[in-house]
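Chains: A, B and C, in written order; residue numbering restarts at 1 for each.
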Amino acid sequence: MIPLLELLAILSTASYGVLLARRQQMDFIGVFSIALIVAFGGGTLRDLLLDRHPIFWVGQWHYPVIVFAVAIVTSLFRKIPAKVEKYLHVPDALGLGFYSILGAGFALEEGTSWFVAALLGVVTGIFGGIFGDVICNRIPSVFRPATRLYATCSFVGCWVFLLLRKVEPLPESVALWSGVVVIVALRLLALKRDWRLPGHEPPVE
Amino acid sequence: MIPLLELLAILSTASYGVLLARRQQMDFIGVFSIALIVAFGGGTLRDLLLDRHPIFWVGQWHYPVIVFAVAIVTSLFRKIPAKVEKYLHVPDALGLGFYSILGAGFALEEGTSWFVAALLGVVTGIFGGIFGDVICNRIPSVFRPATRLYATCSFVGCWVFLLLRKVEPLPESVALWSGVVVIVALRLLALKRDWRLPGHEPPVE
Amino acid sequence: MIPLLELLAILSTASYGVLLARRQQMDFIGVFSIALIVAFGGGTLRDLLLDRHPIFWVGQWHYPVIVFAVAIVTSLFRKIPAKVEKYLHVPDALGLGFYSILGAGFALEEGTSWFVAALLGVVTGIFGGIFGDVICNRIPSVFRPATRLYATCSFVGCWVFLLLRKVEPLPESVALWSGVVVIVALRLLALKRDWRLPGHEPPVE
């Protein structure tokens, strides 16, 4: 089931990248590049920070080929309805959940503290989108107050995973799946109930 | 005294990140993330370029916790007066001095040439702010001609450190502290006397 | 001949960085930094992704000194005619060709698949310019549909190199030079004949 989730995560993040690039009316190279960056940016940063080599998509050659296929297939559609993005919410939430818990787990394997593991889980889950937004010259959507809870879901789920791992009789897989489920559920609820964090007021003169 | 300076450097760079994020009216996640990026971005890039692992804040779990505390505490204040930034000038100059010399010293340890060591000192000192500005969709303030000398102070101080290290009878610590003092003094003088480098004229048609 | 080409690649990418920074009326520090980032950004990302250390410009101290010299020399000219950029097209195409094939070759040495090697060739060739554009708050020019073929030339040339390497009687150097020549020729033809990829239409409501 892990490979299926991983595939879903790549497909949904790559699709988000395609939409992002098309909003800028980019050409095929732009679409493919932004899709790659959104799909692999977070995991790449995690692997660099943890010194894990080969970087996950360098070692698994079919990963970038999947993104290439997404870029090719979507290019065949001259028009893409904007509401497609809405249908991406579920796989995107799955991607966030899966990438985050995987990132936190890899960090623990390298012996980091819990707090750093939770941070690296969030980094894995959200930095692909941040890189894509920055390249498209937008303030990253995860940081804008208009955005429904996103990084927060990842952070909470990572802690659920980290704490349940220490509950003696539970097998690790329960902790792992609980973390994923919490992230996905929180994210979908945040979208449905319109949960946001309040924006801070800017510094005043 | 090193830990105290390090703490000051983290506190001041994190506070600068908080102000930057609030100017964009970001929510708590945005404030915490930008504070982390500004505080740790330069040192992280240095560690990646020099292949030093674990990355300094991955290995020292209390560092990101300090930034988390800064983000929490500042969030309790609904309004922050813009002039707070002025009071950050001194710890910020200390942070620049300390981070720069530390970066140059780490580079020498890895056997780089002097020129590259000075560059990596500057990178350590300034790239946190650059990453923060880029994510907030601004041209990095260190590169704008309206900015008082900043990277230049770091570069000059790194060379003072590199040259004094070779003066025989002096212990290394004298070179180190001289470098820090030169950077801090130059930066504070530049702010007071309004020292800038002239901006280049744009290409003409 | 390799060192000469490498020198040309550094000179032309650094000069592009100088023009980019001057368009923002940056000061000397900005000009030098952007020149460094444009000249070394792609190769640095490649070295990090492949875990090659020391990073190429960290190990070869004269490389950043060359960029420093370019920044100094161009600073002596108060005005730079915008059409200089036109004269940079040939060395820039050479730089793209050389950096791309070098990147693909390094990737193969580390045992990556062909597809990943071609990707890393393109990354080496184009990411310096992408980093420079992002820092200058512009959508990277390689991703805009108004841009004549650029990344595409690099991708095609990398595949020529990868395929010719497997043709038995040919020595590796033939494959290498064919790749470079294809990239340079395609890029210069694209500029002359105004070849572009069509931009995708944005998502519709």
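Just so we're on the same page, a residue touches a chain if its C-beta (ideal position, glycine included) is under 8 Å from a C-beta of that chain, and two chains touch if they have at least 3 such contacts.
As the structure is a computational prediction, the values presented were derived from the model and not from experiment.
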Next item on the list: Would you identify the shape of the chain contact graph, picking one of line, ring, star, complete or other?
Entry: complete
Next item on the list: Tell me the angle, as a multiple of 5 degrees, of the rotation that maps subunit B onto subunit C over the C-alpha atoms.
Entry: 120
Check: Could you state the distance in Å from the CA-based centre of subunit A to that of subunit C?
Finding: 29
Note to self: By the touch rule stated above, which residues of subunit B touch at least two different other chains?
What the structure shows: 48, 51, 134, 137
Item checked: subunit A - residues contacting subunit B, complex -> 48-51, 107, 110, 112-116, 119-120, 130, 134, 137-140, 142-145, 147, 150-152, 155, 196-205
Note to self: Could you list, by residue number, the parts of subunit A that touch subunit C in their complex?
What the structure shows: 19, 21-31, 33-34, 36, 44, 48, 51, 53-55, 57-58, 61, 64-65, 68, 75, 78-85, 134-137
